[in-house]
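Each of the next two complexes has chain A plus one other chain: chain B in the first, chain C in the second.
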Partner chain A sequence: MTDTVLQVRNLTTSFYIGGEWHPAVRGVSFDLARDETLAIVGESGCGKSVTVMSIMRLLPEAGSRIEGEILLDGVPIGTDPEAMQKLRGDRMAMIFQEPMTALNPVLRVGFQVAEPLMQHRGLSREAAMEEAVRLLELVGIPSAKSRAREYPHQFSGGMRQRVMIAMALACEPEVLFADEPTTALDVTIQAQVLGLLEDLRHDKGMGLLLITHSMGVVAAVADRVAVMYAGAIVETGPVDKIFAGPVHPYTEGLLRSIPRPDRDAQDIYSIPGAVPSIDKMPKGCRFAPRCPLKINRCETVDPVLVEITPGHFAACLVRAGEPS
Partner chain B sequence: MSAMNDWAGRYRAPLYILRRLLSAIPTLLAVLTVIFFAIRTLPGDPALAILGDTATDAAIAGLREKLGLNLPVWRQYLNFLTGLLHGDLGTSLVYGRGVLSELLRVLPYTLALTMASILIGTLIGVPLGIISALHRNRFIDYVTRVLSLLGFSFPVFYAGIMLILMFSVWLPWFPVISSTSGSFGDAVHGLVLPAVAGSLGLIAMITRASRSSLLEVMGDDYIRTARAKGLPEKTVLYRHALRNALIPVVTVIGLYFALIIGNSVLIETVFTRPGLGSLIIGSLDNRDYPMVQGLLVAYAAIVIVVNLLTDLTYSVIDPRIGQS
Partner chain C sequence: MSATSASSGGLVQTFNRNKLSWVGIVLFMVLCLIAIFAPFVAPYGPIDQSVMTRMRPPSMEHLFGTDAFGRDQFSRAVYGARISLSVGVVSVFLGMSVGGLLGVLAGYFGKRIDTVIMRSMDVLLSFPTLITGIVIVALLGPSLTNVIVAITVTLIPKFARIARAPTLAVKERAYIEACRAMGFSHARIILFHIVPNILTEILVMASLWTANAIMIEAGFAFLGLGVRPPTPTWGGMIREGFEHIFQAPWMSIFPGLCILLAVLSLNLIGDGLRDALDPRLKQVRDMG
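Let's look at the complex of A and B:
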């Protein structure tokens, strides 16, 4: 594909815990195209945030190790900290989950939006502030000119998340990472913010990598989805294919656990068991202990992604088999 | 923005100051009451103490009458309060002059000493705390922490004597006795050693407070946001972290101000400096009750004013304060 903007190859991120290195992300590979939304979905602790933080190199250096290859526009990135600092906020930007704490409480909102412009575009403070007001208008903040002079605590959660989006968009990045951008917001605001992200992605032709634990969000906005479990992608493909015919039993479980108005609350399916902790990963397939389809081989062989139909991959010995 | 909001925004600071000033009144009244009755419980008859054992009963009775000691306690208390309202703190028994004028004469010396101590403490303590935090658990951090422990445990009078010994006796750089006359330069010259003696504990305290506060702030979400914007680490530290980290440091300085002013009594004695401290020691020796009472009132007023200033400093640093 010529319009691929971000390629991630065999990304493995390990943390040093109790005298040993434990991988939190294992051999994750994916591509992201311009004007495409890829959703990474999974339970808390499955490594979806760590994946993005590894690409952005925002993990604390001590106690973490990042391996694999990341290409932005076909050029490898990530090895030189100074080069990464210049990329962040310029060609790759990020929105965080908690808009209440992700903005600096003692700096004016407009200034925080203007900062990347001064840093990466070399704009003067005045010019950057003017541009910040325009950006705040773009993300739908009313009376942006006066609100730019206010502080984050004077904004509601939804408005703060809009500020975060304006800040991330300041330098028109090629790739935008959004880590659970709507999780902390009211349901009515969630749809607005997701809609805004989608519109802006399309207008600017960005690649949007959306992290979420909600299959509902995936269905609403994503083009493709990658389902992560215990640090690895277990199934990936176009959203319609995966919703219509999930292959991996974990994906199936996630889809069945979406609450539906035609069923009672106690009938909502929940996957038995919990995600294994990082230092107690089972051998073989990591989902095996929770899997209804488990066979003996699952406990010894770690399945790899196998192409089922074009663009649709799954890693399950029972359903997808083994590569020949 | 609504008109109400606009109004509240414009008058936010003055309203906040007014509210804080009003709330200081009951505090001051409580302190005055405690001081008044504490002085009355001191053993011995002031009139007897002033006139000495050889005085005649008639002379003692006359003086008691003159001092208003024959009045019921509640009348004395009311007289004390009405006097205060008129700016009358009574007349010194030793100097024969108004307590207030005597107090105002020496007040600048004590204020200069405490302010210089705080200035030195901040100018050295904050950078040391930053260095310590940035080199957490490395050699320089351990050295700083050991030094600040020493600074804490060094009694201020001992530090004063050692400083005089080293920098006035062995190395004749500074005067042994602070000069009260002479030029501004002389005054500053004489202030150096006392201020250094007074700042040692403060340096230790501010170093510790700014170290732990900065470490905490550096883990906050908005610091991650600042890094995600591609700001260089220096900008992250000085623009985003430091201002937030200084808020608890201001609290510490405000809280320990009472201790600093208490230390000034010892320092003024060691360095034979004029000031509230040496005045109160002299007045206690001479049983100059009105003077002691006036000085205690002055100390209380200073501490209350400093608390007020601390609160106002917050509202300058932290835009969230003074809002509700």
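Let's look at the complex of A and C:
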């Protein structure tokens, strides 16, 4: 896990709302190695998706501002729109949350899987279609050759997500972003799709960045995890360390709120309050209003990530202290 | 919209259920065949004159009667179908291609491109169709090509509007975002992902406006702005018959009926298509 493929440094994405710039993602930094799964976890609206969209430069140009540095294979990317278009789908690809709507209803599935190859590799239609059938087999679609000629509405949700994965993998990207790839699927299919992603990541030596709000998914597939709250990473480290000893009270809350079959539904913990809206962020630690451990300093000082043990960082004044 | 385009099988079924739209299709096909095989269908040449048989009423010899030059009106109507139909089809095809493309570009790129394209379309739209046509034909001179040009120009802004609205809706769909995430070029997204999704809506309008174009052509011919005589056109025949409307009403009535049939067939096709494509109407039918 030393061969870093993607480095994100101080990524800050702001949106122009009501005459002011409000950061939706602030100072996010992380590394992603080849053959590694990094999970970004957090509640809805904490900036997980915006982080990925910023890296891919998929946000609308008007009304958004992206700062910071992104390096793919050590080379800075992300200023020239045309160069980014060539990278997307070729060296970095993305899988969306909704397999039901992310495929074009009027085009055959095989053609849609073949398209990235025609766009980025310049393959002829016939060659790309052949390759598409091979990709559909790779993601475990039975009788791929005949199914390639079908339309998306003839596929189930799980099968469509497999098609999306085949599309994303067509050009063998180095980094794969998966934005809640299993949220829209039922639990048994979730496990299959996650297993497939893991296998493919390992076979191709990709870096997989998995966005999820489910700690269960994190435990199942991730090597490292980054917990995001209100646009910033509040705790990051190897999965086993975080699950065994969470430092940030927010991480703790997330872990306590995983439903477990041996407990009653009433016993599920829920963190009081809600994520503050983007234009009403508190001054100091943004988790302070909901935090059980809050001290006075939390309301004025914005905590930074401090290394607890090697590779495990947390940003909490009470638990992790301030950098010396 | 996604439901209709996803289930093209259901589309054909719905279209089939509408008997009248099949009447329209058959009628239009017959008219097209007549136009294509005019030399075999017409009993006489379209400009063959005969002093002996001037202004004869309809008979077995001359189905539609004869005109002031003794020309067989049926043969003229048959050849006239060539002009009317080709003007309708060609100008709508051109208007659809150019106007549709402009509308898609305006809707897809938005911002300044949208403003520039749509405001110029508004300028074109602000003139009545006939006036625009008359100006263009007056400038370029009356000929078949110029009539097609004139009608095309009046159709372009209409198609641009019709294409822009669904483009705005489709470009927000998740699969278009997925296309951008896959790094597809704008050209690929527009041609392979947006156009197939809005094509059905445009085709409905195309069939209805073909009828319209045929009427405009007839109007031009009636005003003497169309194809020059003696080439027969339906509008021109009505114009010629107009002078003898009381002595020989058949001279105007039959070409008028031809226009009626062509327009009717296209409107029936258009209605059938629209019913088959409108999800709201479909819902009502499914419930009933």
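Just so it is clear, the second predicted complex is superposed on the first by the 322 of 324 C-alpha atoms of A that agree within 3 Å, B and C clash if a C-alpha of one lies under 4 Å from a C-alpha of the other, contacts with A are read in each partner's own complex, and residues count from 1 in each chain.
Simple rule for what comes next: a contact is a pair of C-beta atoms (placed from the backbone, for glycine too) under 8 Å apart; a residue touches a chain by one contact, two chains touch by 3 or more.
Every value quoted in this text rests on a predicted model; they were computed, and no experiment measured them.
Partners chain B and chain C clash in the overlay (superposition on chain A). Of the two partner chains, neither chain B nor chain C is touched by A:183. In the superposition on chain A, A:143 makes contact with chain B only, not with chain C. Once chain A of one complex is fitted onto chain A of the other, the partner contacts of A:105 extend to both chain B and chain C. In the superposed model, A:119 lies in contact with both chain B and chain C.
Once the two complexes are overlaid on the shared chain, A:153 sits against chain B and chain C alike. Among 8-16, 44-52, 62-70 or 242-250, the region of chain C with C-alpha atoms clashing against chain B is 8-16. With the contact threshold set out at the top, residues 56, 58, 85-90, 93-94, 96, 98, 101-107, 115-116, 119-120, 151, 153, 164, 167 of chain A are in contact with chain B in one structure and with chain C in the other. Considering their complex, residues 1, 220-222, 224-233, 235, 239-240, 243-244, 317-320, 323 of chain B touch chain A. On the side of chain A, the complex with chain B involves touching residues 56, 58, 85-90, 93-94, 96, 98, 101-107, 115-116, 119-120, 143, 146, 151, 153, 164, 167. Residues 56, 58, 84-90, 93-94, 96, 98, 101-107, 115-116, 119-120, 151-153, 164, 167-168 of chain A touch chain C in their complex. Of all the residues in chain C, the ones that touch chain A in their complex are 2, 5-7, 173-175, 177-185, 188, 192-193, 196-197.
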